Amino acid sequence: MNARRAQKKDEVSVVLCGEAGQGIQTVEKILAQCLKLSGFHVFATKEYMSRVRGGSNSTEIRISSKRVSALLDRMDLLIPFHKGALKHVEKRISADTIVLGKRNIIPEDFRLPEKNHIDIPFSKIASEIGGKIYVNIIAAGVVLGTVGVEQGFITNIIKEFFSKKSEDIIEKNIEAIKKGYEIGAELLNSGKVKFAISSSPKVKDENLLNGAEAVGLGALAGGCKFLSSYPMSPSTGVMVFLAQQMKDFDVVVEQAEDEISAINMAVGASYAGARSMVTTSGGGFALMIEGVSLAGMLETPVVIHIGQRPGPATGLPTRTEQADLELALYSGHGEFPRIVFAPGNIKDAFFLTQKAFNLADKFQIPVFVLTDQYLIDSFMNLPLLDASDTRVENYVIRTDKGYKRYELTKDGISPRGIPGFGEGLVGVDSDEHDEEAHITEDLVLRKKMVDKRLKKLDSIRREVVPPELVGSSDYRILITGWGSTYNVVREALRELGREDISFLHFNQVYPLYEGTRDYLKKAQKNIIIENNATSQLGKLIKLNTGMDIETKILKYNGLAFSVEEVVTEIKKILSKENT
Amino acid sequence: MNARRAQKKDEVSVVLCGEAGQGIQTVEKILAQCLKLSGFHVFATKEYMSRVRGGSNSTEIRISSKRVSALLDRMDLLIPFHKGALKHVEKRISADTIVLGKRNIIPEDFRLPEKNHIDIPFSKIASEIGGKIYVNIIAAGVVLGTVGVEQGFITNIIKEFFSKKSEDIIEKNIEAIKKGYEIGAELLNSGKVKFAISSSPKVKDENLLNGAEAVGLGALAGGCKFLSSYPMSPSTGVMVFLAQQMKDFDVVVEQAEDEISAINMAVGASYAGARSMVTTSGGGFALMIEGVSLAGMLETPVVIHIGQRPGPATGLPTRTEQADLELALYSGHGEFPRIVFAPGNIKDAFFLTQKAFNLADKFQIPVFVLTDQYLIDSFMNLPLLDASDTRVENYVIRTDKGYKRYELTKDGISPRGIPGFGEGLVGVDSDEHDEEAHITEDLVLRKKMVDKRLKKLDSIRREVVPPELVGSSDYRILITGWGSTYNVVREALRELGREDISFLHFNQVYPLYEGTRDYLKKAQKNIIIENNATSQLGKLIKLNTGMDIETKILKYNGLAFSVEEVVTEIKKILSKENT
Amino acid sequence: MMESQIYEMGDIDIAWCPGCGNFSILKILKLALSELGIKPEKLVLVSGIGQAAKIPHYFKTNFFNGLHGRAIPPATAIKAVNPDLAVIAESGDGDMYGEGGNHLINAIRRNPDITNIVHNNMVYGLTKGQASPTSQIGFKTPVQVKGVFLEPFNPLALAVALDASFVARAFSGDIEQTKDILIEAISHRGFALVDIFQPCVSFNKVNTHKWFKENTYYLNGSHDSSDRGNAFQKAIETEKLPLGIFYKNDKKSTFEENVGVYSKNKEPLALRKEERMKKLSNLIKSKR
Amino acid sequence: MMESQIYEMGDIDIAWCPGCGNFSILKILKLALSELGIKPEKLVLVSGIGQAAKIPHYFKTNFFNGLHGRAIPPATAIKAVNPDLAVIAESGDGDMYGEGGNHLINAIRRNPDITNIVHNNMVYGLTKGQASPTSQIGFKTPVQVKGVFLEPFNPLALAVALDASFVARAFSGDIEQTKDILIEAISHRGFALVDIFQPCVSFNKVNTHKWFKENTYYLNGSHDSSDRGNAFQKAIETEKLPLGIFYKNDKKSTFEENVGVYSKNKEPLALRKEERMKKLSNLIKSKR
């Protein structure tokens, strides 16, 4: 599994593993923040169980002199917080992995060479400070010390982080992190760990965001004024983010009684003129499907964020998968147009979400943003997003007296009015309707209305976001993927260092980019990579291009791909090719 | 539109047109019954508005010496019951159409040659008998007279039909039908209408069924013991049918509070050992989609009947369409197997529905039966269904002490126990689970469980119902279709009389028959016919065969195809071919 | 007072059956709204699917004819993003109490300032005569072949139990009284449920105009509509069914007041031109 | 009386937080069922999704762990097709009163002979601390940033309003009393709602064990649980929250009794071997 060795000491992968409730997430946040503010590139991603206490969860934090953005299997440092930890990440332990902690955290039956273990009495130090709860802060300190963060920063960050706590607690946390820092620094100085990560002042000013925040920011940038949703992992973060912004931004965030209410509220708000969205996950989205069809029939914009997780049914609530593409594509009875985005990284999650709002309004359709738990829960630093690259394009008109909501036009798009804005009256109807939105059984008109709605696809197709070709345009082998696999595959290709392999990544999966076939045709060999079991993008590509990508890299155990895994899989395919 | 002339007098197409509430449906039923019992072949189909009173609805009744089973545009006799009638069917009126009724029912601005109108003072005769309500019975009598039904029958049928009414009313209805009959007979005798339809004693003993009854009978034959549903046109008929059988058959029929409850009840009943089904239409089905995924995850059988109607959203509630195929195909988040049937005619609706129950139980999956308003609401005579061709295959085992509901087996199918039957305990779980159905976060097991569920597709594929090739196997042109277009296309081909055109009809659309590509490849030209706007079967075929059927005959105004329309469309395509 | 003509659609085809109670409700609602001087441009009628739910098509105003059972969520949202609009959610008993039951509960909890009018004909009209949640025990239909055996849903008792801010029952046959009740309901600040008995001449041959006349009576002046326990007792009466305003709780704040966007700025959210760029930049910058 | 050991799963990993009220409920339910002598093979635990809804995984019996909010429909159906099974539908407050609100209403109307146990911790536990329908006004969460402002859902008042056949409230902290209530509820013929206050130590720092202790009291012997008006008054009390059996209506027939399939034959429908061929042939023949 461990394709790369830890020789390259300008980059380190730290893994924290413990039970739910042991505060790993706090450590993750503090570390990411401290590291980034110190000028290190950082990427943090986690995998966790669907429970509030106990079990075994892990977080990986990559710290580097260069930009990092993808899950690795490799662990340079492992800090286990409970006995189950080593078993939990067993397969990822290599000859170079160094475990930090008391000997007794390593299970008796576990063979770990002495050189791979550095004894740190976390609990004992914590008790001295004031209790076991400081263990994780000490650990954070150790990590910061081993990579050589400037100590000055840390105190301030801790102060800010715990600002709502008592003086005493803040003091103790500072003491804890300092204690840890000293231990870490001593490891570095003594050469027990050999990291030489350089920091860059530029990084300090960058953003540090996770996928949920990026989608939330994108929504604000897209002019979202109304979000109604029902909590569901892993999509809840977007609702939480917007709820936190309510004090500064004019936005209604309402927790609905169920997903059906959520989508119907969102469509209602949009009808009345407030850009609206819902955030949900597979099972919740399944309940919204009649509502999607409603939006299609009313021609009322709505943005639907689906944070994908493994199904069917409840499945694995806190895990990741890319298996709701087809559900989004074909959701809703009857036939009407839509757009499906699947951002590949945090920056795209921001820009595509804001774009989703403009396109939903422009074409008066439902627009989907498909992310997944991996993207939503991963943090990284990235160049400061530029709000001025975004714009809320207005497509609402002031109505005149004779206004007709569904006026038949050449491109199928009727000027959209909202009630209470202008002289006109604005009706919308879920039955088949005439131009004034009144129920009709005129079957000639019915056909016109179907054509009107479907005709919008022509304009929609003209604005498709093309896929990105990563690598040389002179490829022999082309790997195709979508959504959150972007950075992982990118890094895997860098790792492989083969000029003849490129990566075609789709940020927009529907309508599928017209030139897709040309890209595929050019390759001698096509490979598709998806975090699902049935290759849903592959099917969409086949449907649109007639081309069947038979070589598939699929993963559906609930985890995201790691860089090493992708490297290995590609190598396997290449070696088969050669025999 | 009127491709065929009324020369062929061994077959007549009678159209009744009136407002909702004027009793056309009563006439339809009486006529169909009388005609069939008299030994005539009969086919009756209707189109109607989504309202209880008023508007304009029409019923077509084909009466023939030979078997008839498809909608015609042609009207030999038209009986208008209200002023709007002629306008409503205007396009179908030909030089040979004879309108029966008072002059004043023909709008002033309507040009109808004298020879096309036979004056019958329906209202006046009705008033003499006892009131306007007898108009439609008189009309029924006229029809029976014109085709030469033996008079003896009629009285008995009327008596039976109105058996719950008072003596007086029965008497008056008999008087009314007799009056009408005399008028009709006199038209026939005098040569004003020239029909020579022969009856056959065999027909008398045949079934007279509509699609809803066929699905309902199929459910009983399939061992259905539990139906939970929420009313929705056009699917309600199946619920009504089963409710009527509750006195004779052990079956629970429950109207649920909503569709979500309906499917969750059905899955619950099935878990406990009662074969179960739901009946719904697009919008209602949209609400069941989380439940479909549940059935997929629990591996608990359920049969889902979708009576398709035009969408999106509420659309046209009483009209027909074939646009919910993709929704059924991709319904449910996550990935799991299913089967989709789409019966082409009433007999198949019976056999496939019963088969659906066996397969659902055998593979422990959701099985869909897709019909549509046209099939559901059409009556016809057909050879007596043979119950002994059906069997309730048992797949439930008595459990032992160590029973594991999700035992990993070679073909992915675990022996299925039910609670309270045997020594074992039976658990099912919507989370990812272990063999005993307990929630798990073991991700190695997760992959095994996904594979287990998907593996069942291999066995499912081995039992696919192959498509039927209508016509010579030596075709040059192949028309492909599914579901209720079966009889219409069949008749259109007979009409065209071209040996080089055949019809490939799919009764099972998913998994798609493996040999499909071979059929298509053989044709020089492929044509697809679907009652929708985007060619959903076409897409499924492309996905499965890589072949794109570019020539499409699509209709999506809410009406079914008529024979003439199909003939015309094929001719158009042929003529383009020649230029 | 405006003329109720202002809401007329002119010469249109109404899909209801002659003699249906829906006609009266349509008329009464127009009267009530014109008496209140609510202009068509400032009104939104929100409905679901069913015979009752066709009402917006016979009404010259803004409307949102949504999905079966889902009138309340869009109505709530419309009011929240534009409180200047008068919002009425109107549908049948199947729609509001069957398919939409969960939304009714939660509308009461949210208390948006909307009026919820339910045409209660104790049957599913549009789908041709199945039992509705309010169908009486023993009511026979093609699906309920042995007659309904489920306890009829009691919307008034439920609303009082959840402390709804306005709870009333009316009868479509009584123009004046029903108009008065509607005027009070629409004027009321907060969620107002008005259940209106409505004869369905086609599918409910039991609960006819005559039946409603004989089995109802009006709460008299001594009824204290601020007393919840009392309102409950009236709501569960079955011998004869009381009509009138059962319960009112004027002390509740509305959803719009609570959502936060109107605490400083009264302009409807939907019409507000917000300058986000700067705030957004700041927010982005804060995420470092 | 059986040993409650019979339901033990042995050495398993329980996903609940140490100190959570769910542990007590699990224990009490096992005690109640064993006292009633209900064998694991004759019991089905039906749950939805949430922390509470994990209960079947800690219980050796038949179980149906379905979808969030949807425990009641399968429970109703299971009982209908096999009345020999004791059926318990059990989940959290979000599950039963939020997502599943419409099913609760209709379970009360149908009155299947099942027990509905709701772990009411006034919060969404599994999804990490958003408001639930029963969250109290002012309760702050990451989503309800200014605190809950929706009227808390009152399940007891709703159940009494809809004339549920058995309505009770208990507290997970009181083993004996809660066990007695559960025994009565499970023994009761008809739908029995038992709302159990349950402290969530991780996400509800307001309604703690102590809070429940201080803010509840038991209905005393003089409470007449057959008096609906009285039960209603108790159900809407908020100063202190009563515990015990609020209301019982023994006169109602059950869903299973009404569906018709058991009027002549008591054998569970699910296990019945029916000879359909002849009946089917006759039915087909009748369709001529």
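When the chains are written out, they are named A, B, C and D in that same order, and each has its own residue count from 1.
Following the convention adopted for this analysis, contacts are C-beta pairs under 8 Å (C-beta built on N, C-alpha and C of every residue); 3 or more make two chains touch, one makes a residue touch a chain.
Predicted, not measured: the structure shown is a model, and the values here were computed from it.
Student: For chain D, which other chain has the most distant CA centre?
Tutor: B
Student: With contacts counted as defined, which of the two, A-C or A-D, has more C-beta pairs across the interface?
Tutor: A-C
Student: How big is the gap, in whole Å, between where the Cα atoms of chain A centre and where those of chain C centre?
Tutor: Roughly 41 Å separates the two chain centres.
Student: Distance-wise, how many Å sit between the C-alpha centres of chain B and chain C, to the nearest whole number?
Tutor: 37
Student: Measuring centre to centre with CA averages, how many angstrom lie between chain A and chain B?
Tutor: For chain A versus chain B, the centre distance works out to 45 Å.
Student: Could you check chain A for residues that touch two or more other chains and list them?
Tutor: In chain A, residues 49-50, 55, 246-247, 257-258, 260, 283, 290, 294, 298, 313-314, 317, 430-431 touch at least two other chains, as defined above.
Student: For chain D, give me the residues that contact two or more of the other chains.
Tutor: Residues 15, 49, 67, 101-102, 105-106, 133, 146, 260 of chain D touch two or more partner chains.
Student: Using the touch definition up top, name the residues of chain C that touch chain D in the complex.
Tutor: Residue positions touching the partner: 101-102, 105-106, 108-111, 133, 146, 149-154, 157-158, 160-163, 228-229, 232-233, 235-236, 252-253, 258, 260.
Student: Looking at the complex, which residues from chain A come into contact with chain B?
Tutor: Against chain B, the touching part of chain A is residues 49-50, 55, 260, 282-283, 285-287, 289-290, 292-294, 296-298, 310-317, 319, 321, 323-324, 326-327, 329-336, 430-432, 441, 443-444, 446-447, 450-451, 453-454, 532-534, 539, 542-543, 546, 548, 556-559.
Student: In their complex, what parts of chain B are in touch with chain C?
Tutor: 21, 49-55, 230-233, 236, 239-240, 243-244, 246-247, 253, 255, 257-258, 283, 313-314, 317
Student: Which chain A residues qualify as touching chain C in the complex?
Tutor: So the residues of chain A touching chain C come out as 36-37, 204-209, 213, 217, 220-221, 223, 225-226, 228, 245-252, 254, 256-258, 260-262, 264-269, 271-274, 276, 290-291, 294, 298, 384-385, 387-388, 390, 392, 418-421, 423-431, 437-439.
Student: Which chain D residues qualify as touching chain A in the complex?
Tutor: Going through chain D, the ones touching chain A are 13-18, 49, 51, 67-69, 98-99, 101, 124-128, 130-131, 133, 142-146, 202-203.
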